[in-house]
Each structure stands twice: as C-alpha cells, then as structure tokens.
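Below you'll find the structures, each written out as structure tokens.
Shared between the two complexes below is chain A, which pairs with chain B and chain C, respectively.
This part shows the complex of A and B:
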C-alpha cells in the first residue's frame, strides 16, 4: 500500500476533537494565563505578560495550597505503595478462585464515586457520633478528626488509602505473577529462605512496576481534589486546601480566569518536574 | 517459620485486611441506610435496632427537591454516550495510525502520545470558556464531547492493533474488501476484549467524574449522580439517613456492572499498569 492521504479520514473525527478539546485548550490556556481575564466584570481582557505568574509566586494562598498538596503526596504515596505491596503479596499467596474474590473485595471501595465515599467518611469522622470515635471512646480517646489542623490531612489520607488501594494492589499483584517460577525454584534449590527470596529476588524484579506505580500515584496525588472538597472543603484554616481546589475556587467562585490558567500551568510544571525526576531515576536504575 | 505456614499466614493477613478495611465501611453504610435518624446521629451499635425503609421512601418520594432518578438517568446517558463516542473515534484513529501508511503519521502520533502527560485540570479553565462560547454549558454535550479528545484510548488500541497479524487484513483486501469493511469485519471482531476494556474504563471514569459536572453543569435537573449526591453535604446537611440511602442507590448500578464485568475491569486495570 502506498502512503495515501485519504487514510487520514479515518483519523479525522478523533483528530478534530483532539485539536478542539486538547491541543486548542492547551495553547489557549497558556495564552489566557498572560491576560487579566475576569468573567463577570466589565473590565476587558488585557494582556499583562507574566504578571499572573509573578502574583502566584508571591500569593501566600498559593504557598499554602502547594504545601498542603505536597503534604498529601508525601503522606499518601509511600503509604499507598507499601500497603499495596503488602496486599499484593498476601493475595498472591491465596490460591485460585478465592484470590479472585479477595481481589474484587479490595477493589470495591473504588466503585464508590468520590462524593459518596467522602460523605461516608465524613460520617465516620464525625466527632460526636462517628463510628471511629465511638470505637475509641471506651479506651478514653476522642479525636477531633476534621476540626483539628493536625488531624485533618491524615484523615483525608486515610480515606484516600481506603478508596484507592485496590488499583495499585491489582497492578502489583499481576507484577508478582509475571515473575517466572523458575527463578524462585532456582533460588530455593540454592537454599534461599522465603524471606531472602522475597527481598533478594522478588523485590528487585518488581522494581520497574513499583516505579511505574509510584510515578502514576505522584501524578495523581498532585491532582487531589474531590475527597478534600467533600470531607473538609479545604479546612480547617485552609490546611487541607489543595492546589486544584484553589484553582477551582479562583476560576469558578472568583471568576479570575487568567490567574486560574496561570495557576494551572504552575501545577503542570510542578507535576512535570516530579515526573521527570522520577523517570531520570528509573533510567539510572536500569543502566 | 516454614514455607507453607508463611504462605498461610500471609493469606490470613490479606483476608483480614481485605475484609476489615475495605468491605466493612461499605457494609456499615448499607446497614445505616436502614436506620432511623435517631440511631444514626447517636451510635448505638452496628445493626439497626429498628429497621426502616423511610430513608429510601423519602429520598425517592420527593422528585421536585431531590430528582434522584433524573440524576441517575443523566448519569446513564452521559456515561454511555461518552464511552460509545470515545470507543468509535479512538478505534478508527488508532487503527489508521497503526496500519495505514499516512504521510506525517509519526509526528501526529507523537503529539497525541505527548498529551497523555497533561493533567486534565490544566484544561479546565480554557475548556470552560470554549464551552461557554459554544453554548454547551449546562448540557450533557459539555461532558460527552471533550472527553473524546483524550489520548488514552488511541494509545491503548494502537498498541493492540500493532499485534494483530497483517495477513488477515491483506487477505481481506485481496478479497475486495474496502478499508472500512476490513476494519469492521476483520479488526473489530478480533479486538473485542481491548475494546470492551476501553468502553468499561471510559464508562466508569465518566460515571464517577466529579470535577467536570461540578464545573460545567448548573441546574439541579441536569446534574449527574456524583454532584447531585454532593448536594446532600450542604442542603440536607444533618439528614445522614437520607444521604446514606441516596448514596447506596447511587452505587448499586456500578456495583452490579462490576459484578458482571469484574474480569475485564481488573485485568484491564492490571494491564494498563504493566505497559511501560
């Protein structure tokens, strides 16, 4: 077959949508970030260069939101990877049909949409009638889960773990199952104990999958919004307000579109930076 | 500890963690939806002392204020349309880029792939303004059409199509099939599994989408279930019984779908993570 431009007509519907709703908005968004563009006000959009970015670097709320987002990533991602690895290892030891059942069971929370999961956990965390404090009260503990700055972010992280652990567990489980049995048998013949096998053979072979899952969760963690919005609305004292929530409020409560677009690009830059560092680490790992 | 008892031990741990941490919160919610409000606001044990369906009656019996069935219908329409549109345009594009010899293909595919790295939120503000210009805000189109520009489906099917032997298509071409009928009669039947996976993924993603409907929809009767349910947090703040009953009804369809398509969902999930 010769290269024929007419073949493009198969791709045309997708490429049209791709241009209109991905490439176009991407470029438009960057242009937007260079304007003072306020919906609902009478001021015409005016070109201000990088002023929005300068404002963002000085904006204490940006620092706060970035700090909260980093805290979320730092608390949630390592815990996710570690627990998912433990769960996957446990599941791998369960045989046959029952494995399928438990694998499905850990995936169940993720079937709940974030508003439902959020409402559920708000109810658990309720200081007066929540089940967590009801269980802790007999041993004399009452935790102000959502009203105390020290507890609110850990509470969000705990709910997130519950809600999202199923995915990485399933991915890591299939990673474990892809390890050739012959490697493990060879190690056993050489007299390796199960613990040695796990740390010397299984974990090193799992490294690429673990790194991949970590990268995906770091990217996802920087975009945290739904559960924060549902459980704490960013409080108390804005201590859990994430960057995405700040962007959302800037754009759709205050209608400052240009500034919100600039904040979006800053978020993108932060994510890209972290992703790049992790990919670099991965490559060094390989060579 | 010998090998066998270690395996048994870790199996028990997995089961313990699984049931306690993941399933029990869901069960608590199911049970609490059958409790009267007085038992919900004062913890009196896990099982309802007095079973009641009043919460469900109230949530379903008030379509003016709580159009729950309307939200359900909106969610179904939007999710099915999104998944269908994504599958159609992505599979045609993926096939043409995997198989047909097109001028400029590597560049175009490269650009499409590169956008996999772009987080969705960065497009939120520009797409909002674009939808505003098109007059699509507060309509289902605002959620359905932009989703079809995403690169994930093209990437996933492109990988799969590359693995199909070329001979089949060449034989079909020799038999005089047009390119479209080759696609429909040879490729589609061979690609049922990845296509089903893409459909289900897109469906679930759209069903659970929260930020999109929150930003693009405005009126109560246009809402999808996730944003509709979120309203309970504000307007029906203290009525946990209603909230729990509504959220239970909201989860039922996804739960049933998951039971039916469990294999595809989980193996698709695993495969999407394994591809590097």
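This part shows the complex of A and C:
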C-alpha cells in the first residue's frame, strides 16, 4: 500500500466524524443563516440571502452584546496572559516536589465545571454576606459586585481568572522548561543581568507558546457564556450579555433559527479576524 | 412525503427525545395486566418537586394500570427540550406549561385542546375553576391547559419588625398612605450595623408589572396589534416606584440584596410570589406573615402566573385517557400541592377548611380575582426582556420613565411588525 493511501486510512475514522459533526453542521449552519426560519411561524423557511446579516448589523442588541464580549476579552485575556506568565515564572524557580504541588494547586479550580464555579462565585459576590465584601467591610468598602453595571463585568473577569488561570500557567511553564539552560548560561557568562536574560532571551523564545495561549484565550473569550449565564444571566441591564448568550436566546428562547445562525457566523468571522491579526502581528515582530 | 424541513425537525427532535424514546410512552404487560406508561415533564426542581413526586407516587399506587414517570429539569432547559421534542413529535404525554408560555405551544401545535376531556363523563367541573385563571388558558376559545395553581404575587411581612414600629402585624398596610407610613417608621428606627427598610423591590419584572396594572396601565392595545407601554398610566406606575427610592424610603435595586434582606429580618415588607413561601417555611428565626399587596393606583391588580397541566397532541385514545386520568387526579388533589406553597385554582378547594388553615396561602388567595397575567404573545421572551430592562432602568434611576418605556415600546412594536411579516399570528390580553 502506498504511504499516501495508508495515511488517509489512518485519518479516515477521525475525518469521517469531523465531517459529520463539524464540517457538516458548519455548512448547514451557513445555509440556515441565509433563510428566514422562525419555528413559531406557519410560513415555511424562506431564502432571504444575506438579509439576516443586514438585520444583525442594525440590531442594537448585537452591538450591545458584541460590546460586552469585547469588554470581557479586553479585560480577561491580557490579565490571564500576564498573570499566567508570572505564575509560570515563579513555578519554574521552585524546585522538585514543591513545584508539582503548587502546579497541581493552581490547576485545581480548572477542574471544576462552570456551573460549580459559577454558583460558588455567586455566593462569594453576594453583597450582604459574600466572603469578598466580608473581607472588604472592615476597611469601609462594600461593593455591589453583581448588581452594578460598572462592577458586573469585572466581577465575571475576576471569577474567570480564578477558574482558568491554571491551564495557561501550566502550558507556559512547560514552555519555560523547554528553553535550553545553555542559552541562559551563555548569556550570564556574557554579563547579562537576570532582567536582561528574561526579556532578551526567555520571552523571545517563549513567543510561539505565548501566541498559542493568546489565540486560544481570545477564542475562548469571544465564546464566553457559561460563567456569565451562571452568575448574572446577562444583567444588570443586559450589561454582561455576551454574543453567545444572545445567540442562545435568539435560537432557543425566540426560536429564530436563521437569524441565530447568521449571528453565529458573524461571531465566527470576528474570532477569525482577531486570530489572523494576532498571527500577523507575531509574524511581523519575528521578521 | 416528508418535507425536508419536517425531516430535519424530526431528526432534531428525535435526537433530543432519544432518552424519552427508550423509556417513553409504551404499553407494558405486568402481571398479566396491560400498563400504560406516561411521561410527565416539569420544571419543579425545588421543594415543589418533592411535593409533586409524592402526588405521582400516590397516583401510581392508586392506578396500577398506568405508570407515570416524572422528569424534572430547570425551567430554561425544560422549555428548550420540550419544544425540540415537540418538533420531533416525541414530546411527553403530559407536561407543565406556565400560562405565559402556553400560546407558543398551542401555536406550534404541540398541546392539544382539552375541552372535550373537560366536558366528558370523567371530566372536570369547569365552573369550579376560578374564572380569570381558567380563561387565561384559552387560545381561540379552546383551553390548552388545566391550571394546577395560581402563583400570585403577595406581600410578605416581617411581623416582628412591624411590631417594633408600633404597627399591628395582623393588619398590614392596604393602601399607599399606610404603606408609606410603615416605610417612614422603619427608616426612623435607631441605626443598626445594617440598614433596615420598610420595603424593597425584589423581582423587578413582577413588581413592575403589578405597579403598571394597578395604575390602570397595560402593555398592548386591545387588538394586540400595537405596544402601548409608554402610556401615561404605565409611566405613573413606575414613577411611583421610583419616587419611593428618591424619597430614600426604599433602596435602589442595585444597592440591596432584597429577598435575602427580608429573610435576614431587615425588611418589613416585600412583594414576592407565593412560591417563595417554601424558603420561609424552612426558616425558623423569622416571624413572617402574608397579606395581599396594597393598592397603590386606582385599580386592584397583582401579577400572577399559573402552572398548567397540558397534554401532547396526537395521542392514541387509551394513552390520552390515561393521561387525562392523571391530570384530573392532580387537579382534584391540588390542595396537597398547595401545601408546598401554592394557591389552588378550584373554588371548592379555595373555600375548604383545609385551605383556610394554610395562613399565607389563604392571604395571597384573597387576590385571586384580581390577578393579572402577562399578555399572551408568541414573542414572550423578547417582550419580557424589553419590559424588565425598562423597569430596571427606571427604578435604578438611569433613565426617566418616558424614555425607557418609549425605547421598549418601539422595540416591541418592531418585533410585532417582524412577526406579522413572518406570519406568526396570535396574542391575547390576559
């Protein structure tokens, strides 16, 4: 058997499932987005071309949901990368079993499901008897975490950091551990200070890992839904309603399947655009 | 031949209803007797679920030829699963719908009209149902559900706090003057570590809806073709609510965890649904009471919704008969259901000595003739989003009532126009 044919055979089981459960639904979703299909309507699904997309661009709730999503990404992603890098650097400096313990400890919250983490933090944020305000009250501060428009999104970001920081920290730690010690030793012999070694050698060598972590978190950030739904349900005043939540409500509360499919494709386009920009920026920086 | 749309829907519904298919409606032969299995879906995931489970077990014991299998899930999941299962023709034989959601399932053809069952030899006495509650289950003159309860909003009172401000807890406020008097008295109490209030807004949607209906407002024109949310009556109702906050008698919604505050004993009065009673029944350190909501405007009105027992369309005669028997059993035994914190809908039960002993339920039930349901519209979730957002903005003081209501009104009218173009008809005043 030719190597090329055997390669296809090995890939065939996966490709079959991938086509059936990813490519197929994607194409079906795109076709759906070109139809007006309201499940409560007696009118059969009608081909409307890009009318759903036009409606989406005019829909103020899409703007609001996209704004909330961008705010989440803007607050959560840089903070995640920065904190994860700091944690990874710290863990890298800890030797032996202690490193294993701390790595596991930091990763533990990531093992919780979004519903458990969401309920837990909803209690933490309770204005009257939540643990956060209990800690702040002695210094005269009481924050309406979830009921104030200004605080609700930062509260969700804080919870997300606690919940997800373990994942990128471990990935970045493995990146740090893959940097050959000889590079750092050579730099030390040349008189480089620890700060210079970090910024001139370690960070540039970490770029591929950083790109991976950033891209994954930007994608995840744009898809934020679970924690918002568990903690604020999109409130107060819809200030935390993300685009995914709006899509969910459009499809499964309002039964507007064609419009929901168009919104999904818009979200896909936004994510793809941001991802491409990140790749381009990193490539330009490298060149 | 099945149309492509129907085929997709069937496949989609089939997938969702797969577990149901495995354990679904079937006739088994047990001990030489044929047994019909009825699937019963509902969203009673709280203490009410235990009460309902008890009723289901009792029915199964008394009816060996029928086996009811109850499945509970949170209401959001429930409605999604039910709709998709309905699309695939695999909805459970019996399910519970809120009155406000019933129109959608009637329009989609998932629920069957029950009038012939009600009028049959083994039917139910139509005249025994509270008329307003019974009428709310109609669409185009047909009844699509048997109302199991009416969960009206009422006023919970903290009797100890009322006593502390020298107000007789057995005669809670019934009008604006008395209500404001209590609020002022509580605010004059010596300061404690935590603030205390006479009243707090708990659920903005239900509190706001009660206010607009009490000020003779409404959401839609009588023909249901136009949203009239920005009417002077609605503005007055919600501005009254805001004035309580402006006068520092009531905290702004963002600054107070309202229901928890009531349970902590820091609030004298709160308007909430009867379903919150289960919370209080478990709490032993709060001396609470129940009363009708005071009348603020010129109209007696209070928000309510109902759980309705519905039957899937297209059941064969024996299964439909067994399902009806179960529905009738629940309706006839809804006093047991009321014990867990509900108000029955049958006049005979409302007037029974057993119900009179349920103190809070009996107080809330005094309002049963003035309950106001949300209008029956197919776009109920979109309407509620707009309405609640407007109330939220007004009570938080972020927008004036005319501005917030105008925005909501315009948005809802756009939805109506969109629905009209799509051929989605229907809608009814409640």
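Some observations on this one:
Operating definition for what follows: the second predicted complex is superposed on the first by the 271 of 287 C-alpha atoms of A that agree within 3 Å, B and C clash if a C-alpha of one lies under 4 Å from a C-alpha of the other, contacts with A are read in each partner's own complex, and residues count from 1 in each chain.
Assume a residue touches a chain if its C-beta (ideal position, glycine included) is under 8 Å from a C-beta of that chain, and two chains touch if they have at least 3 such contacts.
Bear in mind the structure is a predicted one, so any value in this text is a computation, not a measurement.
Once chain A of one complex is fitted onto chain A of the other, the partner contacts of A:127 are limited to chain C, with no touch recorded for chain B.
In the superposition on chain A, no contact is made by A:186 with either chain B or chain C.
Applying the stated contact rule after C-alpha superposition, one finds that A:265 touches chain B and leaves chain C untouched.
Once the two complexes are laid over each other on the shared chain, residue contacts for A:7 go to chain B alone; chain C is not touched. Once the two complexes are overlaid on the shared chain, A:252 sits against chain B and chain C alike. In the superposed model, A:41 lies in contact with chain C only, and not with chain B. Once the two structures are overlaid, the count of chain A residues touched is higher for B than for its counterpart among chain B and chain C. Across the two superposed structures, the residue set of chain A contacted by chain B and also by chain C is 128-129, 252.
Residues of chain C that touch chain A in their complex: 3, 5, 79-80, 83, 87, 104, 107-108, 194, 253-257, 260-261, 264, 378-379, 381-382, 385, 389, 392-393, 396, 398, 419, 422-425. The touching residues of chain A, counted against chain C in their complex, run 36, 38-45, 126-129, 144, 147-149, 235-238, 249, 252-255.
Remark: chain A residues 1-5, 7-8, 10-11, 13-15, 17-26, 28-29, 32, 86-87, 89-91, 93-94, 100, 102-109, 111-116, 118-124, 128-131, 134, 162, 165-168, 170-171, 173-175, 178, 194, 208-209, 212-213, 216, 219, 222-223, 225-226, 229-230, 244, 247-248, 251-252, 257, 260-261, 264-265, 267-268, 271-272, 275 touch chain B in the complex. Those residues of chain B whose C-beta lies close enough to touch chain A in the complex are 1, 3, 6-8, 10-11, 13-15, 17-19, 21-23, 25-26, 28-29, 32, 40-43, 88-90, 92-93, 95-97, 100-103, 108, 111-112, 115, 117-130, 145-146, 148-151, 154, 179-180, 183, 207-208, 210-211, 214-215, 225-227, 229-230, 232-233, 240, 243-244, 247, 250-251, 254-255, 258, 262, 265-266, 269-274, 276.
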